[in-house]
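Next, two complexes with chain A in common: one pairs it with chain B, the other with chain C.
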Partner chain A sequence: MNAIRRALLACALLGAVGAAAAQTASGPLPDLGGGHRATAQKGLKRDAVCTRCHDEMDPKPILAIYQTKHGARGDARTPDCQTCHGESMKHLKGDPNVKGRAAPDVVFGKGAFKVSDDKLREEVCLACHKGTARTHWDGGQHATNGVACNNCHRIHSAHDRVRDRKTQTEVCFGCHKEQRADTHKISTHPIDAGKVVCSDCHNPHGSAGPKLLKKNTVNETCWQCHAEKRGPFLWEHQPVNEACTNCHTPHGSNITPLLKSRPPFLCDECHDGPHNSRTPYGTGAAGIQGGLLPAGANPNSNAVGRACMNCHVMVHGSNSPAGAYLHR
Partner chain B sequence: MKAKSRKLALGIMALAVQAALAAMPLAARAQDVPDAASLTNPTSFVELGATYASRDSNKFGEYNGLYDKGGSFLGNFGLKGGDAYGQGFGIRRWELEGYDLGTTSRELRGSVEDQGRWSLGFGYDQLRHMLTDGYQTPSQGSMGGNSFVLPPSFGVVNTATGSNGTQGLIPTQVQSFRTVDIYSERQNASFNAGYDLDQNWNFKFSYDRLDQSGAKPISAASDAFNPGPGGYNYRGEAIALLMTPTSYKTDTFSLAANWTGDKGYATASYVASLFHDDNTGWSFSNPYVRGATDPATGTNPGAAFPVDTMSTPPSNQVHQLNLTGGYALSPATRLAGGLSYSRNTQNESFAGSYTTTPDTMPLLPVGSLDALVENTHADLKLTQQATRALNLSAGLIYNERNNKTPVNTYTFLDLGGGAQTVTNIPMSHKRTQLQLAGDYRLTRSQRLHLGYEHEDVKRWCNDPAANNAQGVLSATNAGYYTTASCVQVPENKDNKLDLGYRLKASDAVDLKLGYAYSRRTAEVNPSFYNPMQANNQGFENFGYLAFFDASRKENSYKAGVNWQASAKLNLGLTGKLTKDDYDSTLGVQQGDAKSLNLDVSYSVSENSIVAAYGTWQKRTRDLLTGYDRNAVALVTTLWTNSLADEDTTLGLSGKQKGLMGGRLELQEDLTYSLGKAGYSTALITAPAAAGNLSSGDLPDIRSEMTRLRLSGTYQLDKAAQVVMGFVHQKLKADDYYYNAYQLGFTPTTLMPTNQQAPNYSVNVVYAAYRYSFR
Partner chain C sequence: MNKLARPALLAALASIALALPAPSAIGADANAALQLARQNNCFRCHTIAKESDKDGPPYKKVAEKYRGKPGAEQRLIEHITSGEMATFKDGHKEAHKIVKTSPPKDMAQIRNLVDWILAQ
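Right after this comes the complex of A and B.
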């Protein structure tokens, strides 16, 4: 055998060894230690049915699921690929009736195959994720509007944006455009700062409360952070007892603090006869600078600044024995 | 034979070369693309740098901690580890992260768990809410304190008729004003733990401590005191904007047991929320004199000013038991429901919540309220997949607020010094909702939704003393009583019908339409007397109803279309209109809310995307009311007030990856929002006496905000990145609210604060070194 042939053979042998080494480094069944080994090996063996094709070369980061709870193979509850995507025999073995490769049984995301019906997609998740926050999923607003779990959640991604407070609102604003606009108004909760996020008040998985609020009522939700408004007070204010949203709009407002309207006009929406609520205020509510009153005039303190609330301060309720008129 | 052997040998070599050539790309590929390890193992990072803000602005830094001009430390980190990663067999996972560590908006979180066994977690979050910009006050006393006094040397403010009161403060008084940044700060510390007993049972515990400090601006009106210090006549109902302390602590405990079975699941939990206010009240000076013989503004009264007291929220507690669960009666039929009961109590002493002089109350009936509100909730929902195409649901929800607080009669002096006797009115209400719905798949691409909801709200007062606190019939207003009664609208009923239609017109086009009609009726108590007043002003005019319980019709319309125009271009258009028409003779007559939104996104390439959106919103409200008072017949001097609130928000964003040989990533975000709210008042019939009347259009409450955010990440090497960013944010606001607080332009009985509408233009630059590792 001449030198060239020896060299070629050596290259071939080295190449084959290198390939074997590379294959082992990315192989689907790594050498495992003890403990949950059997559970993990069983799961990884099932995964290998899919990951032998859907490996690190896949345009989507499929394998990133192993950074999440869905990929912790040592936990016996963890699903494998086919638990969620179905056995998908036609996808694996081919379907003579389909040109090209048949779709898996359950397709979650847009891509080469048509996305499965939202009911089918959500049933996969609800098979394990029963109860607790999802108790009221069936018949809820998201379920009846065709929003399935993976419309918000990213299962194969190491970073599930909707479960991260820093990025959650971007996901919700994908559909809830009005609320997106509201967060840019001059008076808001600290939503843009990431301190209050949608899931602090809402349970998107379903709720017995109004507007998917996580508590039973509007007030109970607000009191999670604003317990000073809870009372019970000696002197109550009826619209406050019934719903904070009678006066406030929580996503954002042009009128501080998160008000739907401003005193005196806000108060005029419920009060007519008593005291000054019967009095119309036009440009006088803007004070001397409003143009109607001459310089040196005395603006009416029932109309300017905080108007009614200059004196009726304790609008959420008062616990002072002198506070029957919410002055104290 | 020898020739054949040579040919065969050559064939083997060729195959060997071919195998090597085939294998080498495999080996090379394993190094160039993300390997499995990089995908399956977490990346930790530490980011250190600095931020610089170009100017002071409490409004810009309202929540983000960047309210001061200058530099601050930028620190973020995220550390992850454990053997639950990397396609291993482990179940241990831990995480520690911190953000904005150099600001008062910092947060820190950590967790460790054995998945499927136990978990522990903690969190700390700080938020400073900057509330004012340029607030000034002459009162002594620190922000967060509970005493705001004026020294006698400040001098009285004479508000007698003809005097110019606070408009005419003398130079020494003006010089005593100081600027205070009012803020309220929250610090939230939390701890949670979970334990999985087995496949069916797990337990969760959480504790949260919310600590609030600082203050909020609040008005305070003075008490009349005649004669007061110096022998002068101190007036009531004179106003100062002061700093109520927000020294609160809220402890929340939650313990839950969760069970999951094959067909059913249930959760039983106990939640306790304990709110404590460190103060019961705060005090402030009254420097306002009113008598014709009282001295001029600026005169030292020779003794301390009278001190008035404002109450603070009382400490209170809630203890709640909850039970929720569900059961699959069959594969197609499911039942879910819940029960909840809570007791909300409050028994704070009244001491410290009222002015002792002159508001002496020798007839204080009790020393504290001993309040109790019981909240009950129950819900049940049945859903059924009746056929392949039809889903049905039926649900019932019940919420009750039962106020069992004792009723007593309290005697006090009002702000003007008049003796008042008022009975407290603890109010209760309950709400019952019946919800029925059906979802029908007309075809594979069309769905129809039909829903019906009936809601019944009842209001009452438990204590007969509250229900019958009407006193005697008014001599001047037939059918009305002279003191309080419970509620104006004891019952509301609301019936709502909603329809929805969804069409997947093609693979690229989705369409949604919706319509809802709601009819609410109010049963009115004809003898209602406003419980907030105990004199002849305390009734609402004949035919007047508060908007939130008045009869009304509501029509809502929704439409939306999403079009994937091409593989790169997506457009979405949605619109919504809600119209409310009230039946009230007087009160809110109508209101409507409209919105329109357009979203466009374009994928320039695999590494580059551009998106834009525009949202328009408008809300209006019309009110009809009367100037005179008449409890039994419609007043004839009518006036209207209209509100129009309009907003336009525009956004443009872009992202580019893989620039400069794959090292550079850029992000851009530009947002513009313009908000305007305006009021317009018109007199339909002018009264005989003009009085304080005025009409016309108020200047708009206007705010215009522009924000540009640019950020870039440059990969230095495999582990290190440089992160840089620039933010420009500009706010132009105009609000007539602040006119009344300017020195020289205030009402004569309102102390100036010189606050202005927030306007700023702030630039922020930041740069950080990020080190990532596994």
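Right after this comes the complex of A and C.
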């Protein structure tokens, strides 16, 4: 019995030592600014200046912000209404020079008041949300075209559509209609199926690469998923190294797989050499492609099936010792 | 019916009549009035009955003030459609919001809203 008691005591001591070590390793929780209760009360008191009128009866669901991270009142870092909308004293106390109620200092959405300039609106958000993924916001396509944060994000809603993979594309396609049309073509990334969304490739908050891509180049972005195309290859295909978009169009195409033009014509754009000159098969070549073959003749292998890729299967690059023709 | 029962019946009928809403409210479409009030942000300054620190009086108080007075309906219609100055609790004056309807200036909708307010 004593042995069992000793064993249990030893286990308890070991457990205590382990727990203390674990706590030291993870460190204490961050100090959120003293007593959370006092912080919450202070924040809610500031909010009450606004929620006195903008309550649950408001036509817009203003109070839903308390279901979001912006509404975590126990955290001293959380903004209150005035942090984003300004102190808005004229809106509160009235302005004799304005007919009716004066506008708040910063107006984000369409409504009774004129929407504030996009630079002012984004400045409010970037005051906290700066750095990391938003480092390249200034000078980005969205920033220079007057798109502010709240044009895509819903701040007062518990469900920010653009941050939900299921609904994100709806938001982007609201403006990018050409890309929406492309996704309905027969060859496309599985965007409609919800497997790939815009933010998998693009960083709408700004990028050092082209087209607001997440990575610095087109290829780096594509290689996030298509890693087998990255190489290195013994025999490289130069346009593949250059940019995938030399041959592919990423949002959708009626030529599988996401090709910009139909092979062999796509390949002919660069390779106007050996095969072509000897056995012409273009539209002007006696209608061979239209099925008007001479009796008993076979269609040209360069034009049927996968065209050039019937033989040059390793078009993205090859490691075969057989040679540089990307055959295998 | 005996003579004793008749006054009791009359009293019962009178109490039922008193419990019913005012004649103007009988015709008010409460849902339509509420919807119009919400669309025009009326509840940013007014509550229906609850005492609050909002800028405007609760509709119940408005109804009590005007109940039984001749021309009450017309007075309130004037108040919400002319943009006349309203005095706020802190003393500042501001033009009262003009209630907008769809289609514009639909007096039937305005009258319905006023009747609903007076019925509170």
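Keep in mind that, in the parts below, the second predicted complex is superposed on the first by the 273 of 328 C-alpha atoms of A that agree within 3 Å, B and C clash if a C-alpha of one lies under 4 Å from a C-alpha of the other, contacts with A are read in each partner's own complex, and residues count from 1 in each chain.
Following the convention adopted for this analysis, a contact is a pair of C-beta atoms (placed from the backbone, for glycine too) under 8 Å apart; a residue touches a chain by one contact, two chains touch by 3 or more.
What you see is a predicted model; the values in this text were computed from it and never measured.
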Task = Please indicate which partner A:Lys93 is in contact with in the superposed arrangement: first for chain B, second for chain C, both, or neither.
result = second
Task = In the overlay, answer first, second, both or neither for which of chain B and chain C A:Leu258 touches.
result = neither
Query = Which partner does A:Asp55 contact after superposing on A: first (chain B), second (chain C), both, neither?
reply = both
Task = Quick one: classify A:Val106 as touching chain B (first), chain C (second), both or neither.
result = neither
Request  = Check whether A:Ala181 is in contact with chain B, with chain C, with both or with neither, and answer first, second, both or neither.
outcome  = first
Task = Classify the contacts of A:Cys270 with the two partner chains as first (chain B alone), second (chain C alone), both, or neither.
result = first
Task = Pick one for A:Leu63: touches chain B only (first), chain C only (second), both, or neither.
result = first
Message = Can you tell me whether chain B or chain C touches more residues on chain A?
response = B
Key: Common interface residues of chain A - those touching chain B in one complex and chain C in the other   = 55, 57
Message = Please output the residues of chain A touching chain C within their complex, sorted ascending.
response = 52-55, 57-59, 93-94, 96, 99-101, 112
Complex interface listing, chain C residues touching chain A = 38-39, 41, 43-45, 47, 52-55, 83, 88, 90, 92-95, 97
